[in-house]
Every structure is written in C-alpha cells, then in structure tokens.
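Please go over the structures that come below.
The same chain A turns up in both complexes below, where it pairs with chain B and then with chain C.
Moving on to the complex of A and B:
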C-alpha cells in the first residue's frame, strides 16, 4: 500500500465562458497564487510542479513549456500528463504519486482549460478512430443523451427527474463564488423549456464550456504535519481506462465506473458507501450522468437514484450531498474539471467551503473524473488518517 | 527504506524514415508483444502481472485527440490504470518509476510511439512557443537550435569540425545498431558540405524524420529478480525546467541540465561522472548539443565539450562512450528518443547490446530533453 499524502492547499480561478482578460498562462498563474495563499506557502516550499490539460483543445504543443515562467516551475522538476477528460483527476493522482514516492515532498499540480483559444468541438470530433468510428460525429452530447434515454426506458425515470438534478446543481452553483453558470432557476419548467439538443438531453441538462484553472498542493505525511494546520488526507485513488466502444451497439458503458468504485471501496474497507462516506463530488457532464453514475458508484440500488433525488437526499443539506459545488453541469473547464472535484471535496472536509459548505460534518469524500471512452478516476479523501 | 526498482525488459522497433504499412498503435503493439513474450507477463489481475501502464504519444503527431486511446488499447488499458505522458519519453519512464516508488504498483509497462512521417514537424514545433511573441516569428526547434548553436560556438570557440566529429562518431556507432535508421558512416567533409538549414546547422547535423516505438518494463526488486537475472536498477533521477523565453536565457549554457544531473548524481552516489559513469546515451537532436549537454552534465568544464570529442573520450574506446547506439542523429522519433536512451543504456548494463556492447558497463546515464534549446531536461542513472 502507498505511503501517506495530504492535500495542503487548493486554488481555483473564477470560471466563465470567456476569460479574455487573461491568456492561458496568466489564468494558470491565478490558480497557482490562490493555492499558495491557501497553503500559506511560497514557491520556495514546492519541490516539483506537474501540469496537464486537454492536449488539442487549445492546440498548444508541450504546453508545460510556456507555463514555466507563470506557474513557478522554473528550475524545478516536473512533467506533463494528459488523459483527456480525466486529466484533472489524473493530475491529482500524479501529485499523490510524486509526494508518496520519496523523491519529492511537496508537489504542486496545475490544470486548466481555455476553450475559447481553441475549438473543443473540433478537438472532440477527432477522438474517434479515423477508419472505424470517425463517420460517427463523436462528442459528449450524443453519448450522454443515449445514457438518458436508456435510463428512462430501463427504470422509468422522467425528464422531470433530470430537471431536479439541474435545479439542485443551480442552487449550489449560485452559492459557490467560483462557479460559472448561476442561472437562478426557479422550477422544473424552467429546465424543461430549454432547447432540446439530442432527446432527451436539453441544453440545461448539459455542462457548459468554461475557461478556468485549478491547482492543488500536496505533501508527504511528515511535511504535511509540519506545514499545514488543516491537512486533508488522501486515503487512496484508482484509475481505470478502457478501450473505445463508439461503434459496438452498447447503449451505456458503466464497467469503468463500477470497477473504479469497487476497487476503491474494497481496498479501503467501505461496505456501505452511502454510510461510510459523507459526500461526493462526481464528474457529471450531464444531469443524466449524475443519476446513472450515482448508481454505478454503488451509492444506491439500480433505478433508485432518481427516487433519492425526488426526496432531496442529494441536496447540500440532504442525507448524502452530491456536488455541493454545483458540479460540472455548472462549471466545466475540461482539463481542470476533475481536479476541481478534489479541491472542492478538500474544502468541504476542512469546513472552508463558505456559502456552499454542506450542513453535516464531512469526514470522508468520494471524488471522480470522467473522460475518454468512459475512463474513470476516483479518489477517497479523509479528515483523519485512520 | 525506499523501494528498489529495475528495468527488467526492453524492446524497440527498427527506426525507419516511414512506416506506411503500420498504424500508430500497431507500432506500439510490436513493442508490447515483444515485452510480454520476453517476460512471460500478462495483463492479469492486479499484483500478478503488469499492474499499470504509462504511454507516451502526442495528439499533435498522431493527429488525434486523446492519442492514448489506441496506444492504451494495445498496452493493457482494459479496466486498469493507464496514463499518458505527452513529452519526451524519458519522463514516462521516470513517472512510472515514481508510481512504483509510491507503493501503488509493483510492475509497470512503459511505451512510447511516434510517426513523424505523417506530418510536418515545423508546424507542430512552432506551437510549442508562446503565441504572442516567439510563435509569431515562426520559430521551430531547428531555428531555435541554430540560435543556441551560434551563442555556444561563439562564446567558447567550438569549431565546425568538432560539431562534425559528433556526427561522424555517432553515425559510425549506428552501423552496429540493428535498430538504427541511418547506418551509413559519413565523413567530416560530407557533414561540412551538407546543405545549410539554419546557420550554422547543416542537414547532417540534424536528426532525420523517423517512425518507431520503444518500451520497457519496470518492476520492484522482488518481482524484478524473478523476471530476469540481469535487471538494470534505477539509481537516480533528475528533471528540471528552464525558462521559456529564449531571450531570458543564456543559451550557451544549460543550467537546468546541470541541476537535473546533480540530483541524479547525488542519489546514485556519483561524484566524478567521468570516472563513475561507464556509458552515456545523450539526446543530441543537433550536433552541437552532444557537446553542450556533456558540459552541462559535468563530463568536462564549460566550453570544453569540443575537446572531449577531439580526444576521443566519448568514442567507443574512450573513457566515457557517448551514444554507442548512434544517438538521435542516426534516427529516433521525437518523444521516443529519450526513452530509447534508457532502453539502450539498459541493454548495455544487461550485457545485451551485442556489437555495440561496451565491456564491463556497470553504471550508465540516459538523458532526455524536449522543447526549444533543451528547455526541459531529464537524467536517469542505471546500475547493473
């Protein structure tokens, strides 16, 4: 098993559909400064800097090179990792690996996306295999719509349930100073009158394209105890990648998510996830994904998630809060999105989340990232080391 | 007590000017298949075979978002961990090493692939420069290298003949490497008369366009000893970034490399590199870089790199043979290049380098770099 590691600082920019006030590297600099301030450290304390983003979205080659003078990696060790949509979640793992390796004690990990400087849709169109799959217009919307229609047919959920998920996300996002979309939606009807993209997926069921950055600072156990007043311990993490399957007639692909959760829970003695974990920040690019994946992560029985949402169980003040930050449906700077889940969970454990702090005590959190062809990264954070 | 991690198996494809018959992932699989055959490992349940994979490829070179989808598919990414390092391959090896040190995995597969023949490198390299200033003047790694070469040769009086000697030496070495792309020796005159690309760099002083892949398997001491009688142990690593803006740097030196090497030497207990290192594989994308990098790594004083090659110290029979494989000048693709250095050093320490074998090689240095004028530097020390 791994050596121990803690998150000792988190930083986010504010997120918006366009951040014309800054260039990519200046955007990253904002997140880095915020993380250093949060950790009460300076770059002198940081041993290594790792970084990542969606590689083709801004079209930059070796993006880490231009970042050097802005994220403090000048004359420091570091490297760049990229794994598509899971990049933010993976980059948290990268920092965890580095700080538990014995090679580096304090590691900063920086992720971002500035989609307005490239073309994410063009980038997504060339995910599929050029010979076998590219005739299908790939991208997230079609895949996630399929997830919704499958769930409705299989378990009898309705569009209203998806709308309830959106309303919850929006209520939370309106409280989160960093979130992108604060729509102040009032009713299910407000969601249901939004434009239909691919049935049953409406515009308000889907995440936006955001610009923003996130950074975390992690430290080995010894350093974390020395440097931080409120270290958030990282119990474990799991990464699960898989083959592509755009063209295989499979309506939903849940085995990656199931495998990630099963492995994480088994390794950490979690037998009843909803009881043993306090809350979750799930990478849910659409309302339907939150419903289906909540089940795939074993927080409830199959077909039960929408009933829990009806009862308000996943609200910020509910029995098991899901995405009290407003989640990905409200804010999605893709490369950073997975890391924002981790940063938000760490803030919740520390009790520092401010207006969107969940009402119950947060002892353990479950965070995920999603990308590629249903690739999944999952982390388990904890208030204490036991 | 930190874990001990070793290279237990390595594999390479033949490097070629173009591999039109093979798709990127098929090239990757040629390497993966060889590694599996050699070790008998499978992608079995966690803890019993290969636990996780680090791939190295680039969306830009592959022309595909998430280029690790196809590479991962043939490298064990079925319901297991796979991550992509999208920079020089030596960093993928270092990352896998860190993952094993962390205690998360015991055995890892690392593989790098690039098909340079499919696109125009100039377009891609230009995108590595900041968009406001340096990208606008159409820099690429060749034109940046020419600026560095000028700065270096004028500061220290490095002669064209000394640069040419690097090419002559490496192309001669490549003759004995069955994986090398360019295996015809060249003369100093041929180098000095080859086409001028960007002053002072001539075409034979640059690497050829190349397609290919290489890979290796890393394992903890306990697993490594079961898999091979001759593991090459990782004894030290170092990585370091230089500033991005060329105007902010003294291009005649390579401080980042010195820092990276210093860290690796400290871990490996190397105080006198010339004495303690038996063989070095260095990323010389351009002739002058082998000279400059050897200075940066402390094989000689600043400005003395030319004399190393003059005296034959870096030749096959010399005190510290540099690039017995023929180096990058004899043909390695971008990204693959740095990992190929690790592969070649491991082959030397395992005693499997055949015709290019350095006798009694016990400690080896692999060096990788990427970015304009070596902006990112990495050093890895292996011991038998």
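Moving on to the complex of A and C:
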C-alpha cells in the first residue's frame, strides 16, 4: 500500500428494532455527530463524505441526496456505495481508498439501516434474481440453517454449541451500550426453547432486524498524526466477489471467506492468525456462521471451533475474543453492520470500548462483512504502524 | 400539561405506504430459450463452458470464472431430470414468496440435487417427511401439465423420490 491511513473517529447510534423518535436522515446525523465528537473534529475538518445502505429495505431511493444536510456533505465531494450485506464493510474500504488515493486527507463514511420501516425479510429475498432464484430459494435462513446441519454432520458439533455462541453474544451485548438485543439469557435451554425457523436454525440463532447508524472518520498518515491522539492504523483490506450463484454446488460456500482471509494474511506476513491477531469482530448473521467461519478464516483447524467455544476461548476475557460487542446476532442494522465491526475493533485497539473492552491487549484486529452469494469483505487494523 | 411533560410524551408519527408497481424483466436469449424449452417441450438443458468444461444451469452467455462466451442452443446438453439428493432444508416458519408477496404454506422441503450430468439444481421436494430423505436419495423432476406451464422455473413442480 502506498499511502498509510488511520481511523481517527468512530460513532454509533443506539440500536432498537424501531427508532420512531428519528427519521432516516436524523438517525445518520446521530452517528455523524458521535464520530465528530469522538475525533474531536468538526465538519470543517472533513474533506469528503461517502455514504451507503442496503437497497430496498426502506423503499426510499437516492438517499445520498436527502442525507446532505444531515451528514454534512453540503458542498463536499463524495458518493454513495451499496454492496448488499457487505455495504458497511465496503463503505469502510471506500473511506480507506479515498484517503490512500491522496485526493482527500480526511474522509467520513456513513452507513445506516432502518429495517423497521420496511420488510427486511422481503427485501433480502427480492435481492434474488427475479426470473430464476426468487421462485426457488429459501433465502438467508435456508443458507444459514444449511451451515448448521453441515457442521454437525461433518464435525460432530451439537445444537448446544450454537446455543453457547448465542449466550456469549448476549453476555457481551448486555455490556455494550450500543447493542440492540440484551436478552439476559441464562442457560443453553433458554436458547434451545426458542422457535424453530429452519432446523437446526432457531430464532435465537439468527440476527435481529435493527435500526441504527455508524460513521467512521479516516485520515492520511500526516493528518492522522496531526489531528488524532489515538489513531488506529489500517493495515490492509480486501473485497472478494464470486460468480453469481444460481445453483449451489457447495453446500456451505466458504470459498470467499477463505480467500479473503488468505489474501490478507499472505500480504501481511500473518502465518499463525490466532497468535498474530488479537481478536476478531466478524459478520456472523447466525450462531452457526460464527462457528463455521471462524474455521474458514483459519483461526483454528476445521472442526475445532466448537471445542474452543466449549473452553470459552472466544469469550471477551478469552484467549481470542470474537465479537466482544455482542456481534451481529445481537445487533443488525444491515447497511451499517459491516462498519460497526470496524468501529468496534478500532475502539478495542484504543482500549476505550468501555464495559465490553476485552481483557487482553489488542494490537491487531480482523473484521469482516458478509452478504449475498457469500460476498466477503475483510480488514486488518493495527495499534502500531509496523 | 407542562411543555417539558408534553415533550416527554411526544407522539411519533409515521406514514404507512404500500407500493404497487409493475415491472417486466427480460429473460435474455439463453434463459429465455431455457424457459421456452421447459414450457413447450418439457426439456431441461445446461450449457457447457468451452474452456473449463463445467456445466452452467441455467445457461448463461458467459462463464463467470473463465469469462468467455458459451455456445448457444442447440449446442447445449439435454438433462435427464434425474439425480441424487445432496442436502435439504425443511422450512417450518412462515416465509414470504418474493415473487408473489404471499406467505408460503409451511412446512415445505427444499432440496439441492446433483443431476446425473454433473450439475446441481435446487428446487422443492414432493416428499414432506424428512425421515424418508437421505443424502444420495434418487430423485427425478416432475413438471406441471403442458397446458399449465407458463415459461417459469415453477413449471417444474418439484423433484420426487424415484422408487427403485
């Protein structure tokens, strides 16, 4: 990478299934103000603003036009980016690209979703090709259920393991002031008694539909050093797209996730990911995804993730914390979800995540976003510029 | 009521709206031909990438991996409609059909089938008792009667178990 950049500010709203107290653009403004406050900057310091969300969910179009007043893009360059479920992850990359290009020194990236204003399950399904796929697919829940049945059959994991992932997510979410679902679940049984959607996937295995927004501020190295007391350095990032998938040859479709991790690790000399990276905030739309994808990202051997979960290795105070924020299983404003992973990782590196700060020192983080056809975006952040 | 109290209990208004728009999506020459063959002749086809040799179902004008043009019909492979079940999901919670906007009657079973020619196809299964299904179960395609077929992928009713 030619020019180095850092995240110098992050902001999130609080999340809920419904935020009737604000309209879409006001919700975005809440995240923008939080990010500016965090960075101790004003809009005068921002050179460009990029924005995005998932299409279709709210039935509102050309959002970037209506957002101008609220996200501070008046007379500033920038554009809208939308890449389905990966939008938030891609919007982080977009800010990185803009700042590394040298065209702009300080770039703000804003993402949101207000899922309660539309029908997000319908929105997700309408993404499918109308002539072929819409008629004959089971959508995201079918795909995620398949992960669970495949994982159990292949490696001997049980539904209790998925429940342990949910309990961890809930414990973490209960500590995170921004998270949506804080259920105070007590036991594996609490999870196992929730409604079955597509066996073995239960309602509590699945992410919720949330309303919320997230913004980050990214700066060139020179500006980051000048403007920020706590820059978080962006080591690398990647977006992986596969062939548009009409038919699934592979039942679990891990190709993109594996390629994203392999690319980042190879380019950055990471040979033992669990040792060389301190923690991860991954886009896990379901408990089963966290288990299977932890392996796809090479943080352990195949079939080992559920054993690590049994031992508590991925807890907030464990050897390798995964989603100390509570993750996507607790909070999912889709267009913002991928960027929240990045914002949370940056807070963990700075050591100011608050009640859900992990107990170990965080030097380097791995964050991801995931979307339709298993598109994957991944980022590496670092405390130091080594 | 004091102004402070009034602010605290503010009613949040919203606007409800149902959008009803018409669309007409072109199927294109390859998918269009595939659907016409299904409707008129009850035949299933796959195209083959001339470079990597894999089958594409439905046929598309380029192979996404090799990014080269694939042959036009009739230089496609006709499929037997028979294959084996790889995996399946039983949907037990109500799901909206995105093509009709209506909730599908549940439960229903959705399967991924490896056709004998070596390409996968996903569709619904006739069998509703999942205990009768296992990996490798032989299945075959069942079409709607000719007069009911519309040139849609749902002209295929489902796959049913082949009793052997």
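Rule of thumb we're sticking to: the second predicted complex is superposed on the first by the 380 of 386 C-alpha atoms of A that agree within 3 Å, B and C clash if a C-alpha of one lies under 4 Å from a C-alpha of the other, contacts with A are read in each partner's own complex, and residues count from 1 in each chain.
Simple rule for what comes next: a residue touches a chain if its C-beta (ideal position, glycine included) is under 8 Å from a C-beta of that chain, and two chains touch if they have at least 3 such contacts.
Remember, predicted model here, so these are calculated numbers, not experimental data.
Of the two partner chains placed by superposition, only chain B is touched by A:75; chain C is not.
Using the contact criterion defined above for the overlaid structures, shared-chain residue A:240 touches chain B, although it does not reach chain C.
Of the two partner chains placed by the overlay, neither chain B nor chain C lies in contact with A:174.
Comparing chain B with chain C, more residues of chain A are touched by B. By the document's definition of touching, of the two partners only chain C reaches A:121; chain B does not. Of the two partner chains, chain C is the only one that A:198 touches; chain B does not reach it. Once chain A of one complex is fitted onto chain A of the other, the partner contacts of A:21 are limited to chain C, with no touch recorded for chain B. Of the two partner chains placed around the shared chain by superposition, chain B is the only one that A:61 touches, whereas chain C remains out of contact.
Once the two complexes are laid over each other on the shared chain, residue contacts for A:135 go to chain C alone; chain B is not touched.
Residue overlap on chain A between its contacts with chain B in one complex and with chain C in the other: 59, 126, 130, 243-244.
The part of chain A that touches chain B in the complex is made up of residues 1-3, 23, 25, 48-49, 54-56, 59-62, 64-69, 73-84, 90, 93-94, 96-98, 100-103, 123-124, 126-127, 129-130, 238-244, 255-256, 259, 263, 371-373. For chain C in complex with chain A, the residues that touch the partner chain are 12, 14, 17, 19, 23, 25, 27, 31, 35, 57-58, 64-65, 86-87, 89-93, 95-99, 101, 110, 112, 119-124, 152-154. Those residues of chain B that touch chain A in the shared complex are 2, 46, 52, 58-60, 63-70, 72-73, 77-87, 91, 94-95, 97-99, 101-104, 124-125, 127-132, 237-245, 248, 255-256, 259-260, 263, 370-372, 375-376, 378. The touching residues of chain A, when paired with chain C in their complex, are 20-21, 59, 117, 119, 121-122, 125-126, 128, 130-132, 134-139, 141-142, 145-146, 149-150, 195-199, 203, 243-244, 246-249, 251.
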